[in-house]
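To keep things clear, I will list the structure first and then write my remarks on it.
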Amino acid sequence: MTFEYEATVADRGVDLAFDIAPGETVALLGPNGAGKSTVLAVTAGLLRPDVGRVTLDGRPLTVRGHRERDLHVPPHDRQVSLLAQEPLLFPHLSVLDNVAFGPRSRGDSRSGSRAAADQWLREVGIEELADRRPAQLSGGQAQRAAVARALAADPKLLLLDEPMAALDVAVTPALRQTLRRVLAERTVVLVTHDALDALLLADRVIVIDGGEIVDQGDSSEVLARPRSRFTAQIAGLNMIPGTWRDHAVLTAAGMRVEGHPGDPQPHEGDPVVAVFPPSAVSVFLDAPGGSPRNALEVTITHLEPHGGQIRVRTAELSAEITAQAAAELDLAPGSRAFFVIKATEIAVYGT
Amino acid sequence: MTGQPVRVGVPTWIFFPAVAGAAFVLLPLVAIVLRTPWSRFFDLLGSQASQEALLLSLRTSGTSTLLCIAFGVPMALVLARTSFRGQGILRSLVLLPLVLPPVVGGIALLYTFGRRGLLGETFEVLGIQVAFSTTAVVLAQTFVAMPFLVVSLEGALRTAGQKYEVVAATLGAGPTTVFRRVTLPLVLPGLASGAVLAFARSLGEFGATITFAGSLQGVTRTLPLEIYLLRETDAQAAVALSLVLVVVAVLVIGFARQGKASL
Amino acid sequence: GSDGADGAEGTGVEDTTLTVYAASSLTATFEQIGEEFEASHDGVEVELNFAGSSDLVAQLQEGAPADVFASADEANMEKLTAEGLEGADPVTFASNTLEIAVPPGNPAGVQGLDDLAGDDVNLVICAPEVPCGAATQKVAESAGVELSPVSEEQSVTDVLAKVTTGEADAGLVYVTDVIAAGEDVEGVEFPESSSAVNVYPVATLADSENADLAQEFVDLVLAEGGQSILQDAGFAQAP
Amino acid sequence: MTGQPVRVGVPTWIFFPAVAGAAFVLLPLVAIVLRTPWSRFFDLLGSQASQEALLLSLRTSGTSTLLCIAFGVPMALVLARTSFRGQGILRSLVLLPLVLPPVVGGIALLYTFGRRGLLGETFEVLGIQVAFSTTAVVLAQTFVAMPFLVVSLEGALRTAGQKYEVVAATLGAGPTTVFRRVTLPLVLPGLASGAVLAFARSLGEFGATITFAGSLQGVTRTLPLEIYLLRETDAQAAVALSLVLVVVAVLVIGFARQGKASL
Amino acid sequence: MTFEYEATVADRGVDLAFDIAPGETVALLGPNGAGKSTVLAVTAGLLRPDVGRVTLDGRPLTVRGHRERDLHVPPHDRQVSLLAQEPLLFPHLSVLDNVAFGPRSRGDSRSGSRAAADQWLREVGIEELADRRPAQLSGGQAQRAAVARALAADPKLLLLDEPMAALDVAVTPALRQTLRRVLAERTVVLVTHDALDALLLADRVIVIDGGEIVDQGDSSEVLARPRSRFTAQIAGLNMIPGTWRDHAVLTAAGMRVEGHPGDPQPHEGDPVVAVFPPSAVSVFLDAPGGSPRNALEVTITHLEPHGGQIRVRTAELSAEITAQAAAELDLAPGSRAFFVIKATEIAVYGT
């Protein structure tokens, strides 16, 4: 009784497999072009993979190149509904009728589906736009209507491709709460670029890069202990990959980074990562001498304000220091500096 | 008063060929109007033969337009939305009534529905006599007008694309629901212009009708046939009567376009 | 052979419809003859189907329900008799000869057949494949005149249209056509026309369900009443 | 082997009317093919008259299609992309050659370009003699075929909408650039199907040609005219020759569609 | 030599006026449906306002209902280029030709514009997709191509409607730096939902709500001292509006909030706002007695992780506390609690 996915789309270089338990919400993270929308398209039946097998509750939806007979259940018959990256509201229907489209197609009465649609419009906060045509909506309003339409379809498996895109800060927290409530009992695949969405809405995270799964697991776990560069980026953590040599991480550039290895203890020669938050980094202009700390020489690329602090970025790493400290150090893009991190602040684990 | 979306301009030079083209089409119409014996125009309009012909033309063209829609919409849909081996050939074949000289089309219909035709015996057994009846007029018009509807609707279906149909399917709408609630409403302008073309073509149809249906007053003699006959005896009157056809066409087309925003 | 159009309820006789297929050059005359026939035959309605003779033959060959067929030439009637579709042997009921039609005022100053030779006159004739064209060819050959037309038209009507609009300086058509065209053209008679006389045959049809009525109609065409109508239109008596 | 985008299915029931419609159009063609005296088919093809007529037909139809594109594209653009008072009426008027019986169209052209027509004197002064020339054939075909191109292209332009044109304008592209680099490429399928319709209509054109241009072998006698004439003496041969027309049409249309993905 | 905007679009309820100095970048902020895209559409010449006057470098672009003659310069002639909310790449052109479209229309040579396009594709990081058709791009890739296309057009005035939408976290910082460099000397209007974009890319911020300007000024100034509810939200600050009575802020609900009023000192009865960061809020389960602090009784709606801390949200306010504190207080959505803020942490100023 789960959703099982396994498919290869050769010309997009997307080849991966995963399962989802009933009622589980999985966040799909990954850089642009990683293959997230491709996975959703295959699941919704909009794209036939080269080889693959997709089943929902034991029922095969797409089978190709397996020992079973090839099979492709048409999109409308899958009980899978998809909110695509573009809103694509039906231009000839009012906003209300757009949202009522799903219930109506499922066979609900006209008045019943309208009532349901009305309810969903209220949830996303655009009930007063019910009678408008899609062409008369702003970008964010259209996005909200599309979210309402996808939710109203009430499928067995719900696929959401960046549902919070184009929304303003005033509505995001409220909609996030709505989704949190609505998605709780459903089986959902949620594509997002936002770690907070992943943390709050998803039980599990799957990180894709270059068409492959590079990291996955419990949402908070994955975001706290990222194993891939992209996951670290989304979690806002610094990551230095290397090999475990002589109780330290040896990077490809030949640098040694000391940290405290977690459980299980890595073995000599294992590929490992050193991970630490920007707030654990102190910035100096000169290398501080003779202490058990890591000092990495870096070139600063830019400075950003970040929640009252200043984030100092280099090509690979970032540090968070007070505005005062930044002013005292007289940092500017192009400056050379040292990032100093206490070994105890660095987590090291195998990948 | 309200904010107006701005259109992107058309290049100025484009008006020159446009006006030239319009003049080329309109000047002959003006010439006809100028040469029409207006004094006799209304007598002609009042004559029983003209009136019967006009009514018959409207009835048969209307019916054949409906038939074109009933069968042409599915054909356009199949051509635009499925792909199968030999589809290209099928599309060319469906286009053929366009090139076939109408008289040859009429002969082809005789060869099919006539007493000695392909289906003639079947029909004879059933006691149905198709040729030389009003039904034959409708069939002839449908035959020549069908490609117009199919070609223009297929074009509209292709231009409209499938993205909204796909969205509807992911919301759980089956093919029939998608067709009824998404595809049809979206290509309505294309369907309307296809229907107008088909109606106009039916209204002007002459060659296939006279060959396949004959020219019996009140039964198969439509307005173009009446005009043809009148031309034997009174060429000017024939031209005047064809103006009636023009006026009727303008009225019907204009009326049909009332409801729709675009053609 | 009647079809659904005459749904008038009434006595048996009133249901009778006589369908006459006639060449389109006979439109005006046969409409008159038809009225006369209806006047003398209570409850009979004459339905006339006019088209080119070859169209009509094609229809008859495909089983068109008709009682009488009047052709504009013998060739088309022969196509019919070749298949044995005629009821009784065809009889000729009228003839027609050629005349030169010129636009009003005769701008090119055409006086006779000789003036039509050469390139300085825009001459329009019928193509040799159609009856009037065949006649034209015959006349030209017997007169020894070399015609160089700018167009060989498909029908008399098409020739006449070129002349009435002034597009052509002269056209060779039938006497009856010149008369029918009224003021739009002038006729120039020429003696050589007698070398090609076109005759119009009429026949009842084998499939006719009203063979007697059909024969009566043919009789009317041949009788005084029909003949005078035809001659008023310019037709000559059948030879 | 590669991932295939899936099409949304067409409702199954739609195949019934589609097949019925296709059968209705195709059966008469089959009937013709069955009745064709194939033994004589190739003799006919070889005859000088047929060959001249065929060549003339191809030449004139090609030219008139080009003229339709040259003048029809601007007209469609003006109708679809501008709005002015009386535009609706203008559109209906431009449609009229569709309903006008072709013979009346020919008369109208005579009234306009003929010696005594509206523009006749102007032309005479310029020493241009239109009537009875191949030019007249092209004019007649252009007159009847123009509305096809205009109507189907206008529909395509409306369906395509303006959003890409607007984007192009905000990137600094002037109207001519927008037309050439955005509008035209986007409606290419619509233009292609309009051109095919216009070409087919030109190829089959009979009534206006015979009335306006006359019928002289090698000069104005196109294939349809040749077919008509042949019919007077030998109906079966005429039908066979019209099959040639059909084959030519299929070839030309198929060839034209090679380059384009859609019709 | 500036951009001057002043226009009313009645049926969208958008009516506002502002100026931009040459070389200045202005961020347009506001909730969905506020009228941001409408302002851009009027500026680009895609929408004719009911009344209005828009000039660029003294040249009138749109004049309607003014004493001058009505006038509407067509879009292509304005030297204004617009990146709209949808990417709308030309479907029949390759990505490279899409980006080269602007330079080519300006009259550059084919090879010159291709070279420029290539450069811009490199800037947005999709140079390897140059030969693809737009239909073969992922959502984020298409967005980047659209950004490149808009920048390549090199207009006098550049309008960007949410240029960073749909981009992943891996590319956002880099693209932000690119934009920062590229926009520095240009006159730009930038619509965004992100305070960081406003701070980093814009010299000045204009906040729109309901078709009106509700706040504007220097970017950091406005975000530090928001005057509207939406600005406070985007800046991540709490705001309590009220009137200045007896040296405190009296809210509509009759609550007194004490803070330290800034310059200029508000007068008795002035409308004022009390603004404080979530980190200044302490959370208690019982009202702490007798101290010079503000204690507001609230109902907690939800809890969110936020950079290692927990953000405690109510309908109107939010507090940031440690995860440990949250666990000790045993907070959950629906709990009643007291938000306590030291008066010194609350800034009060007139609006």
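Which chain is which? They are A, B, C, D and E, in the order written, and residues in each are numbered from 1.
In this text, a residue touches a chain if its C-beta (ideal position, glycine included) is under 8 Å from a C-beta of that chain, and two chains touch if they have at least 3 such contacts.
Keep in mind it's a predicted model, so treat the numbers as computed, not measured.
Undergrad: So if I look at the partners of chain A and the partners of chain C, which chains show up in both lists?
TA: B, D
Undergrad: So which chain is farthest from chain E, going by the mean of the CA atoms in each chain?
TA: C
Undergrad: For this structure, which two chains share the highest number of contact pairs?
TA: So the pair of chains linked by the most contacts is B-D.
Undergrad: How many angstrom lie between the centres of chain A and chain E, each centre taken as the mean Cα position?
TA: For chain A versus chain E, the centre distance works out to 23 Å.
Undergrad: Counting only Cα atoms for the centres, state how far chain A is from chain B in Å.
TA: 55
Undergrad: So how far apart, in whole Å, are chain C and chain E when each is placed at the average of its C-alpha atoms?
TA: 87
Undergrad: For chain E, give me the residues that contact two or more of the other chains.
TA: Only 45-46, 74-76 qualify.
Undergrad: On chain D, where are the residues touching two or more other chains?
TA: Only 8-9, 107, 111, 117, 166, 168-169, 174-175, 178, 228, 231, 235 qualify.
Undergrad: Can you tell me which residues of chain C touch two or more of the remaining chains?
TA: Counting only residues that touch two or more other chains, chain C contributes 58, 161.
Undergrad: Between which chains is there touch?
TA: A-B, A-D, A-E, B-C, B-D, B-E, C-D, D-E
Undergrad: What residues on chain D touch chain E, complex-wise?
TA: 163-164, 166-175, 177-178, 181-182, 185-186
Undergrad: What part of chain A is in contact with chain D in the complex they form?
TA: 9-12, 38, 42, 45-50, 72, 74-76
Undergrad: So in the complex, the part of chain B that touches chain C is made up of which residues?
TA: On the chain B side, the touching residues are 103, 107, 110-111, 114-117, 120, 129, 131-134, 210-211, 214-219, 228-229, 231-236.
Undergrad: How about chain B: which of its residues touch chain D in the complex?
TA: Where chain B meets chain D, its residues are 7-18, 20-22, 24-32, 34-35, 70-75, 77-78, 81-82, 88-105, 107-109, 111-112, 117-119, 142-143, 146-148, 151-152, 154-156, 158-160, 162, 165-166, 168-169, 174-176, 178-179, 187, 189-190, 193-194, 196-197, 200-201, 203-204, 206-207, 224, 227-228, 231, 235, 238-239, 242, 245-246, 249-250, 253-254, 257, 262-263.
Undergrad: Tell me, which parts of chain C touch chain D in their complex?
TA: 54, 58, 75, 122, 124, 127, 129-130, 149-154, 158, 161-162, 165-167
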